[in-house]
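Just so it is clear, A, B, C, D, E and F label the chains in written order, and each chain counts residues from 1 on its own.
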Amino acid sequence: MTSTIRPSGRASDQLRPVAIERHYTRHAEGSVLVSFGDTRVLCTASIEDRVPPWLRGKGEGWVTAEYGMLPRATSTRTQREAARGGQGGRTMEIQRLIGRSLRACVNRQALGERVITLDCDVIQADGGTRTAAITGAYVALADAIHLLMQRENLKRNPIVGAVAAVSVGIYKGLPVLDLDYAEDADCDTDMNVVMNDGGGFIEVQGTAEGHAFRRDEMDAMLALAEKGIAELVALQRAALER
Amino acid sequence: MTSTIRPSGRASDQLRPVAIERHYTRHAEGSVLVSFGDTRVLCTASIEDRVPPWLRGKGEGWVTAEYGMLPRATSTRTQREAARGGQGGRTMEIQRLIGRSLRACVNRQALGERVITLDCDVIQADGGTRTAAITGAYVALADAIHLLMQRENLKRNPIVGAVAAVSVGIYKGLPVLDLDYAEDADCDTDMNVVMNDGGGFIEVQGTAEGHAFRRDEMDAMLALAEKGIAELVALQRAALER
Amino acid sequence: MTSTIRPSGRASDQLRPVAIERHYTRHAEGSVLVSFGDTRVLCTASIEDRVPPWLRGKGEGWVTAEYGMLPRATSTRTQREAARGGQGGRTMEIQRLIGRSLRACVNRQALGERVITLDCDVIQADGGTRTAAITGAYVALADAIHLLMQRENLKRNPIVGAVAAVSVGIYKGLPVLDLDYAEDADCDTDMNVVMNDGGGFIEVQGTAEGHAFRRDEMDAMLALAEKGIAELVALQRAALER
Amino acid sequence: MTSTIRPSGRASDQLRPVAIERHYTRHAEGSVLVSFGDTRVLCTASIEDRVPPWLRGKGEGWVTAEYGMLPRATSTRTQREAARGGQGGRTMEIQRLIGRSLRACVNRQALGERVITLDCDVIQADGGTRTAAITGAYVALADAIHLLMQRENLKRNPIVGAVAAVSVGIYKGLPVLDLDYAEDADCDTDMNVVMNDGGGFIEVQGTAEGHAFRRDEMDAMLALAEKGIAELVALQRAALER
Amino acid sequence: MTSTIRPSGRASDQLRPVAIERHYTRHAEGSVLVSFGDTRVLCTASIEDRVPPWLRGKGEGWVTAEYGMLPRATSTRTQREAARGGQGGRTMEIQRLIGRSLRACVNRQALGERVITLDCDVIQADGGTRTAAITGAYVALADAIHLLMQRENLKRNPIVGAVAAVSVGIYKGLPVLDLDYAEDADCDTDMNVVMNDGGGFIEVQGTAEGHAFRRDEMDAMLALAEKGIAELVALQRAALER
Amino acid sequence: MTSTIRPSGRASDQLRPVAIERHYTRHAEGSVLVSFGDTRVLCTASIEDRVPPWLRGKGEGWVTAEYGMLPRATSTRTQREAARGGQGGRTMEIQRLIGRSLRACVNRQALGERVITLDCDVIQADGGTRTAAITGAYVALADAIHLLMQRENLKRNPIVGAVAAVSVGIYKGLPVLDLDYAEDADCDTDMNVVMNDGGGFIEVQGTAEGHAFRRDEMDAMLALAEKGIAELVALQRAALER
């Protein structure tokens, strides 16, 4: 498969270099700096002994996520959401996606009455921040759960499988894997795919940026996503074994 | 195809009764009350002779959407977002989806320096409010553009195709079309699909609510969506010809 | 009494055609679409088994109201209050008026520890939205209370009388009843009057828009209001008997 | 007329002692501390050489008002609105009333393209803060306009008449003038009346707190208001001549 | 020491005339109008039988402060923070300083589970509002605590010492005491100093407005502050003995 | 000087290990990760070709700062300010301090009509985040200005001197330099000192946390600050020469 078309010179089915650095900061129960190329996201997992009001007394826990972007993670400065007085629509959309994705890999009864919050803060952005965030947040979550099992002597591991995510798209007519910013800004279709390590789909969010995409293009993108996520799951596993 | 499994008794590939009532209110350039069964959404299209700051002087227009739910559209009262001090994450996610979907059917150069705002307000909710909103908003948009062409003598019709949307899902193991609230609250997977009248995909948003979905389930859901949207496009066309 | 002066051709003491449609939506305990001519307001009554903090343990209930206007209920689009980040002064003033008016017809001890919220949402505006809202909200409230008495076997009916409202004003020197938008935008004085079915005044809010009004003008306006409200109370009664 | 019924021992048609102190602070163009008994309100008038956006280029000015209550103006501490994140419904309702009342005495063409803001801040509250505010704000406005005429050599005086306000009500069955807090908290009806020095009505806002009020009660209240406002206008005039 | 350099003609180590008027309003447990020359601040102390959430059940109380400026306390009108939707950075900085300063003179165990809120509202500003506020708030606090001891028969007086504050600065090269607005707007360095009656420092906040200040300048400013605060403490004592 | 008293074992006049890593992220004109022991702050400098409204047309620029803390920079999770709806008082106080400090080292005429924003985001907190932020922000600012001079061919270097900051305090009776969190949480006095490379003071903010501090304690703290800042200025210079 040739790749001369991609600005980065990558093959169409090639991920960017991925790095997963655990224990990046010292206070959080899980703390991971994940890089997909130049995209760098700090993912922390925080355990709190409380549940949201609607779960009180039900014997189960909750997993949620918040997403933020440092003002100068981007090529021009983005106004700080705290200074603007609230989170925008894009931020809410992304953090809801991260939260749903990570809840899909946790048995909330086994977790017990606790909240785990995954904070995903983009230190540097170059496309694919939400998929990097999901991929890194899983590792932070696994570290936090591991700590919890050590401390609390849980009977069962609440994690039921790994979760990872990648973007795929149609760039200048070619289905490609893991779009960087240059591709993302100029593609016809952008699709974020979240899957588990059993090959099941957790989220599929595809958007036609230019013209509508055909069914065969969708099939090609899904195949790329399946390949990329299999690689990401292997990288997560390797990181957790270190 | 048997359908005993669905609470409504519908066949798995059967839409709810759909009604599209044009000119529902008198002030808006386009005003449509759309019903998908008991789900009723008022969609208005408003034309304004201004553009957002980032489009000034570029000679093109903008199409955007806002979504709201009357407090008692739901079975228990939902707090009014205006009283709560802002729009929540779900609202923002939905109105961003509606806006992107409708922009996909408009040539913004041909529209000229104008904004068309599609307000989609849910009068009564029974599942599928966002897909009903997109389907109705297209008709309101078409009416508004028609009026604009009459008034302003535009050279080209800015509409490049029809857009409609439907939800599909896996309910008790069965792929089904156009979920109502009883199904939505109890399904394993929920997917919203937006397509144009040429059979192209504009948005695909699938979420595993229970277990992850397999590739073959995804294929079945996409096939149902293609069938349902073809019917919805025909109903839009019939409504516009009345 | 001639009426050639009014844009609608109505006599000076003539209401617009009034329609009261019960059970307009299906979820609310009371749901009424009220029309005063082209002004259409959806009024729902929602019962909740809670009381505000300041009434806890006092054995009495509360009746409150919220008011909203769909963005394109008006001839030019009004910005959505939820998107603007809060309710404006006009909205607050109106919903406080509706709430006080409806509380005046309820015995809060007989209601017991419950909140009834009257949501009045303007679908289409042509003047007099607050008086239509009060008139319709009373019918929605009566339906909700009726349901509550059936369900809960209350000992006493908490409703102590009917409430209705109408606007009166001085238009081009002539005292007139039930101003529509064309009159409202061009009148010297505008007064909203809320009364009960015993002929007692609950609220009188008069504002000189142009020059100050004389005592004899006030007397003429109050007489028109008394006549109009007697007709509205009869229409409410007829609707509730259907 | 006996008065044994009123907590203060006042006759039913007797105002509290009223004081109007001009030039209370030194920066504002008009600055008046007005007292109605123990109710004390600081009213300042500020002139700015700008107009609101909707009046640009129309050659006329604007008069507006803002109202606030110091946290401990009341017998128990009221939360500061700035700390709570915005003005409440009562504040908005009152400042809209003050603004409308004062606009009624100004010729906005003669004022020219300027804004006069009347800030009414309650230093100590004992009932009737909004009527004291209107009465004091008129004097502050008159001082500011006087200064403006001296400075700018205006051709015409923009003030077309004086404005004052008083509350009236039904207290234990008796129509009374100028309610203090003890009466206000325990009355059946409370009505705020704003009039000009020609005996014309500018605003009438009556609310039945307990049972609805009859037409003859309304007439009695209006007569008391006419008497009280005539006295207040004389006091304003005397203060301005000092 | 000559003083020809100061706009007011004061000696470099001379305070403005200071007045401390107790019982300025009648509702608050402590109510003081303090004047430092033309700067006038109303300081009220309010006692509430509650504690903030983080102190529940700890048997100790809290002292906090809020600061506000009436819109026309200043030479041009300042927008009302309640209307702007929240307190700005300067307000928060000042009220945090006042709160810390007053907490430094209270034994919170001896206070018991109560909150005392010091509301400092600037009626007229001419420089030094925060130091006047602290100096006046101490007297209001002393009055409130005195009342509390009378009412509640506390075993110990929770006040452990007096607190006062003054500004010092470098104005045209000369160290000066108690800057007024004309000096403040044109000085090189501005320092606010809070001390107790034992000569101990509670807060020192110095800012170089123009060039950085030298150590010897700092020493001169601290000496001026010590002198001024000794005088202020004597004035507080005299006021409390009246 | 012995140091057995400090939890870290440091001498009383000893800084924590300080690291200054330039070019930490790639988009910002200046990007520095500064560490004071376990405290790590990312400081970016962003240049924008605009000025705030109050500086338009004056030919000078502006330097401002914003401060944030990642939710899990702290030992327990802190709520995200963007999610809470705004910046708190502590954040505003700190970012105002950083802004004033950095403006003190820039000639705003020489900068020209530009804004430089210093974003200081705490990745990990262990006391002294504001002093680390100022020290790092200076280096980021210097890098940004250097780039600007290269790009724009400025006539003069707008930087007039270096700026650094350190905290000092009284810990268990001993004056100490550069408090870490364990000391900060348990000290009697905490003082933040900002100085330039000429030994001038830019800001001094001292707070008695326990008992008031004496003049001789203040002198000892200032001496420690002078020593520490001289070392920090040398480290800044070395980093900029790399």
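Here is the rule we use: a contact is a pair of C-beta atoms (placed from the backbone, for glycine too) under 8 Å apart; a residue touches a chain by one contact, two chains touch by 3 or more.
Molecules present, by chain and UniProt name: A, B, C, D, E, F = Ribonuclease PH.
Small disclaimer: the values here were computed from a predicted structure and weren't measured.
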Q | subunit F and subunit B - chains in contact with each | A | A
Q: Please work out the Cα centroid separation of subunit B and subunit D, and write it as a whole number of Å.
A: 51
Q. Distance-wise, how many Å sit between the C-alpha centres of subunit A and subunit B, to the nearest whole number?
A. 28
**Q.** Averaged-CA centre spacing for the pair subunit C and subunit B, given as whole angstrom
**A.** 33
Q) Tell me, which residues of subunit C touch at least two other chains? A) 85-86
Q) Among line, ring, star, complete and other, which one matches the pattern of chain touches? A) ring
**Q.** Going from subunit B towards subunit C, every chain in order around the ring
**A.** B, C, D, E, F, A
Q | Touching residues (chain side subunit A, partner subunit F) in the complex | A | 25-28, 31, 38, 40, 42, 44, 46, 48, 66, 68, 70-77, 80-87, 91, 117, 119, 121, 123-125
Q | Touching residues on subunit D, where the partner in the complex is subunit C | A | 86, 88-90, 92-93, 95-96, 100, 104, 191, 195-196, 198-208, 211-215, 218, 222
